[in-house]
Amino acid sequence: MDWTLVLTQAINGLQLGILLFLLSAGLTLTFGIMDLINLAHASFFMLGAFICAWATLYFDSFVVGIVCAILGTALLALIVEKTVISHLYVRDHLDQLLATFGLILIADTAVHLIWGPAGLAIPLPSQLQGQVRFGELVVPTYRLVIIGVGLLIAATLYWLVNKTRAGMLIRAGASNRQMLSTLGINVKLLFTSVFILGAVLAGLGGLLIAPITEASIGMGNDIIITAFVVIIIGGIGSIKGAFVAALLIGFIDTFGRAFLDTIFALFMSVDSAETAAPAVSAILVYLLMALILVWRPQGLFPPKLR
Amino acid sequence: MPFKELNTVMKKSLFFSAAIASLTAMPLVATAADIKIGFVTTLTTGGAVIGNDMRDAVNLAVEQLDSTMGGKSFEIIFEDDGFKPEIGKQATEKLVKEDNVDIVAGYIWSNVLMASYKAVTRADKVIISANAGPSAIAGKLCHENFFSTSWQNDQTPMAMGELLNARGVKSLYMMAPNYAAGKDMVAGVERTFKGEFAGKDLTKWGADAQLDFSAELAKAKASGADGLVVFYPGKAGGAFIKQYQQAGLSGQLPLYTIFTVDSLSLPNLQKANMDGILGSEMSMFWGPDLDNPTNQQFVAAFKEKYNRYPSHYAAQSYDAINLIASAANALDGDFSDTGKVREALMKADFESIRGSFEFGSNHMPIQNFYARKVVADDNGDWTTSITKTVFESHQDVYAAECKL
Amino acid sequence: MSVLETNNLSKRFGGVVATDAVNLSLQKNRVHGLIGPNGAGKTTLIAQLAGQLVPDAGRVILNSRDITRLGEPARVRAGLTRTFQISALFNDFSVLENVAFAVQAKAGHSFRFWSNVGQNKKFNDRAHELLELLGLSNQAHANASALSHGEQRQLEIAMALATKPLVLMLDEPMAGMGAEESMRLIQLLQELKHDTTLLLVEHDMDAVFALADDLSVLVNGALIATGLAADVRQNPDVIAAYLGTST
Amino acid sequence: MNGVPTLHRIGGGLVLLLILFTPFVMLWLGKPFWLDIFTRLVILAIAASSLSLLLSVAGLASFGHAAYIGLGAYAVGIPVYYETYGGADWLASYSGWWHVLLGVTVCALFALVTGAISLRTKGVHFIMITMAFSQMILYLLVALEEFGGDDGLSVDLRSEFVVPGAQVLGIPALNMEEPWVFYLVCFAMLLLVLFIVAKLRHSHFGRVLQAAKQNELRVKALGINPYRYRLLAFVVAGIFAGLSGILFANYAYFVSPSMVEWTRSGELMFMVILGGVSTLFGPVVGASVFVLLEHFLSRFTVFWHLPFGILLLVVVLFGRGGIIGMLKREPKT
């Protein structure tokens, strides 16, 4: 086996995992604390990418684009939380699924009407366009940026959740919702903040990946299901679980795509291996979830005292 | 009490029923046109980029024909396939049964076409594909009422294989989406390419298509191939080109594309400074600079009206409407006898953007294929330019399987 | 004769001992009171007897049969039924349907798909009998959620009785009841012990002393005294640890 | 006794009659397309009713119901494909009886296996694990290259239902290719499914499901383990959804993996909730409104997802109990 190739794929898996983590972190928090299934998380992923792309092109600066995207998704999240989401906290999961699915439809059509069907590309500053060389290994600079930024955000989140008072409340909320109100916390404010935090993280994920894949309509709808798989595997409400599961799935998906056909070709014809491998690697993630749920119905790291 | 309740429920149920009934009975939008042409394409989702280009070309043709063909007024009824076979099939049924159109055209995607064409042929009407050309419908499933103004899927990649031979490529890596057209493309290249395959990848396609090709690009690079061929229509194409450049492969692993780089993606790529694509080659039956009067008129009119280059999707759609118009002229606008419509279409007596147009026995065009290269035009806008003719009067290989 | 007994039943949660080698023995057709201060582990003990919690060690024996490994539904079918501290009813069902369903549960498997269960005479008649017994007849067609708190407690018992238990474990049945309702319930339980055996967990000491033939006292997960109610009440440890301070 | 159930029956009967006759009236008015729309409507109503057995009766939010529609559809598509183009003689057939046998068996087995695993989880985990199994079917179908993979498979002929000996007695065979005959077959299937669901709802079995939906703890404390009852409900619902898939393949002359996408499962849920979860006819009303709305909105604009999404929000936020719930509610005075 070619070790540079394996290493390259490992970096790709890490990048995918980080992206999944950005998306899942908000999802697992809103889920754990507010008991809210939010499909519309996917829309913030998309909106982050579109706003960033639009602002980058308009102001001709990637940095301005990022700032606009963060502020924009935060503002939109605030509006959506106040008008729709806050009414859903007391509803059952089905209502939440449907209402947030409705939000996705609205957001997708709105983006089509505003920016057209084509999607937007984000031009990268030239410093980020190149490649970095580690001996044999050549890695696109921008992918390292994604990984670096993602790890930084993960570390910040870890600090926020584990070392600050706000984080204490978040953890308390994720493990025991009743406790919050007995502690005399402004629950509404906490919920709104957590929702916005989650939305901004999703938007960050979207704008980070957009220079690679372009901002396109429904780009989040594809990945949100995987993000749900991540938080289920990681244990609902657990940031640590989301991180571990996101990386796990990132690696499994990438390595599955990269090497499964080679492995399959060992015991079947090359042709059937090449068609079977993508399907099987697509199934791998769900298979993993089903197995983990059978083994540990609460996921890998369920918050205690649930 | 029960009576009161009964009353309310009855009233409300009746109201509900009346609501359904009145919705159902809603009069159709009255249309005055004599000839109705249905056009099924993708107008929502990311696929709408292509669909809009086709619609623009159709509207240009309608404008140039002044909404008359064969002395009769005509109109186009556009339907959205939502990028999904079932929705396309449903839209086709609606065109045939409710709008009672004379001819149905359009169809970007092979799977949508395959799901839909029987709805048209069952009603003994004619269907004209303005893009999709799956092998089945060119071969064993060919139908007398089916015509194409595009190509059979295998032809363009076969031309690519030939082009690769001419460019001296010995070892090839190929990537395509894992669906029928993708596999046809791989098979097409294999048919004519004389070197060996260093590897190939079929990636996930459909609603949740794979857009991150890092894993595959790494493999391609490691394979030691001296050429990379990709087929990624629509938004995946743009994503691919970016990653190709970011991975630092431009200049190292020459890129050849099939239906990936076109007038739709080039402006976007230019905006994102993806100059790695400049100079890359593709195979195609047509190009904006193809030298014939009809084409030059078409490209100029399209650019004037929409302020951009037309894509081949647009060119094919433009041809489809003009082909229908030629049949209308031959039949004085009377489409009631499907047999006669077929005969008239078969003659293909119209000014094609290809220069000349001829149908094979399976109602697929017999046509030239060219190599095109990505260049900047005089205004600095990126476009493609024909560099050589790869095939002359090429017929698809499935025509032999068609028993028409 | 002992109907239900435990041998060295033990359960820990992390470092906390919730049940500490408990040896409990219930005699047939008697009321056995189980008392102890808050947090003594009464509910945990009941949960282990009912099969909701698996003990770390020890055995549960019902009618000389080891049921330690049986799941909750199987124990109920074997004759060991519980009521809940907080009423656990089917709120969308009527009162009658609640009890009829409990009767249905006792009647054997419910893989019957055709006949309308709401019109099952056997179930409804038995349910009416039980409602009569608990004094809920006039509420039979009300929604369970519409009952008053005390009535819900009674419905809870009616449902438990529908399973014809050998041993009925009552987890604070009087909680939240008015004085009059409590009196009625005490009378009822007195009569019930002729047909069944009762384990009564209760905070209302008057009720316990009025009803209990035997008494056990649980402190910090361990039984500090068990035996005839009259004897246990005199036990100095019990007076010191519990009665002296709590009442 | 309480009068409301009877009233529901009257209202529901009205809706069914309307569904039955509208397309024929439209056919008579020269609008044959309505037969298509209503055929689709009835097939989706079957699928939604089967889901309501899980969702409304048993309280099990299965988010993978589309998988059974796909399996049922391929149980028609694959045998017809082989019969038309040769191969796999043991499977190939145009016989509708064979398709039904195959579809029902496959759906029942799939439901049995995945249900046995899924029902060990609760709440949102159940939602996600059912979706995961459905995604596996999706990618499995995509991988079936022989049957068109992602592109799906054309079904050249509809299932043939030949009753042995019927011809001898002079009864003509059902011509499923005739749209109105096919419509009546679908409608009859809807009646059958509704009848069975209604029966189950009020049976001993149904009461266990309803009780376990309200208070699982108590059901166990009464000596019943709801697991096997739920599993059976899961299998029955799967079979009915499979039947709707068999009809769908016949209706569309086409099967494809996109029938199994998670959004399809979501749409089915929407139909059940739109109509009202606590009633027998809710899913029928929900499916009707869904299909008609989709049709009319998409005629006004290609951006019909926008009003549709808004409607979804409105129904969830303000229309508790769905349409039937709103009909039942007394007007405020």
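All chains are identified by letter, namely A, B, C and D, in their written order; residue positions are counted from 1 within each chain.
Please note the rule applied: a residue touches a chain if its C-beta (ideal position, glycine included) is under 8 Å from a C-beta of that chain, and two chains touch if they have at least 3 such contacts.
Predicted model only: the values in this text are computed from it and were never measured.
Participant: Quick check for the class: compute each chain's Cα centroid; which one is farthest from the centroid of chain D?
Facilitator: C
Participant: Taking each chain's centre as the average of its Cα atoms, which chain lies closest to the overall Cα centroid?
Facilitator: D
Participant: Could you see whether C-D or B-D has the larger number of C-beta contact pairs?
Facilitator: Looking at C-D and B-D side by side, B-D shows more C-beta contacts.
Participant: Express in whole angstrom the distance between the two chain centres, defined as the mean CA positions of chain C and chain D.
Facilitator: That pair's centroid distance is 44 Å.
Participant: In angstrom, rounded to a whole number, how far apart do the mean CA points of chain B and chain C lie?
Facilitator: Computed from C-alpha means, the inter-chain centre distance equals 73 Å.
Participant: Report the inter-chain centroid distance for chain A and chain C in whole angstrom, where each centroid is the mean of the CA atoms.
Facilitator: The separation of the two C-alpha centroids amounts to 49 Å.
Participant: For chain B and chain D, what's the span in angstrom between their mean Cα positions?
Facilitator: Spacing between the chain centres: roughly 34 Å.
Participant: Which parts of chain A, given as residue numbers and ranges, touch two or more other chains?
Facilitator: Each of 109, 112, 225, 275, 278-279, 282 in chain A touches at least two other chains.
Participant: Among the residues of chain C, which ones contact at least 2 other chains?
Facilitator: Chain C, residues with two or more chain partners: not present.
Participant: Going by the touch rule set out above, which residues of chain B reach two or more other chains?
Facilitator: Those would be 44, 178, 183, 207.
Participant: Show me, using the given definition of touch, all chain pairs that touch one another.
Facilitator: A-B, A-D, B-D, C-D
Participant: So in the complex, which bits of chain C are touching chain D?
Facilitator: Residues in contact with chain D: 50, 52, 71-74, 76-77, 81-82, 84, 88-93, 97, 101-102, 104-106, 110-118, 120, 159-160, 162-163.
Participant: Along chain D, where are the residues that touch chain B in the complex?
Facilitator: 3-4, 7-8, 10-11, 14-15, 18, 22, 26, 29, 31-34, 36, 40, 142, 145, 148-152, 154, 156, 252-254, 256-259, 261, 285, 288, 292, 296, 298, 302-303, 305, 323, 327-328, 330
Participant: Show me the residue ranges of chain A that touch chain D in the complex, using the header's touch definition.
Facilitator: 31, 37, 84, 87-88, 91, 93-95, 97-99, 101-106, 108-110, 112-113, 225, 228-229, 232, 236, 275-276, 278-280, 282-283, 286-287, 289-290, 293-294, 297-298
Participant: So in the complex, the part of chain D that touches chain A is made up of which residues?
Facilitator: Listed in rising order, the residues of chain D that touch chain A are 55, 61, 63, 117, 120-125, 127-129, 131-133, 135-136, 139-140, 142-143, 145, 149, 262-263, 266, 269-270, 273, 303, 305-306, 308-313, 315-317.
Participant: Under the stated contact criterion, what part of chain B meets chain D in this complex?
Facilitator: Those residues of chain B that touch chain D are 1-2, 5-6, 8-10, 12-14, 16-17, 20-21, 23-26, 43-44, 80, 84-86, 89-90, 93-94, 97-98, 110-111, 114-115, 118-119, 134, 178-180, 183, 205-207.
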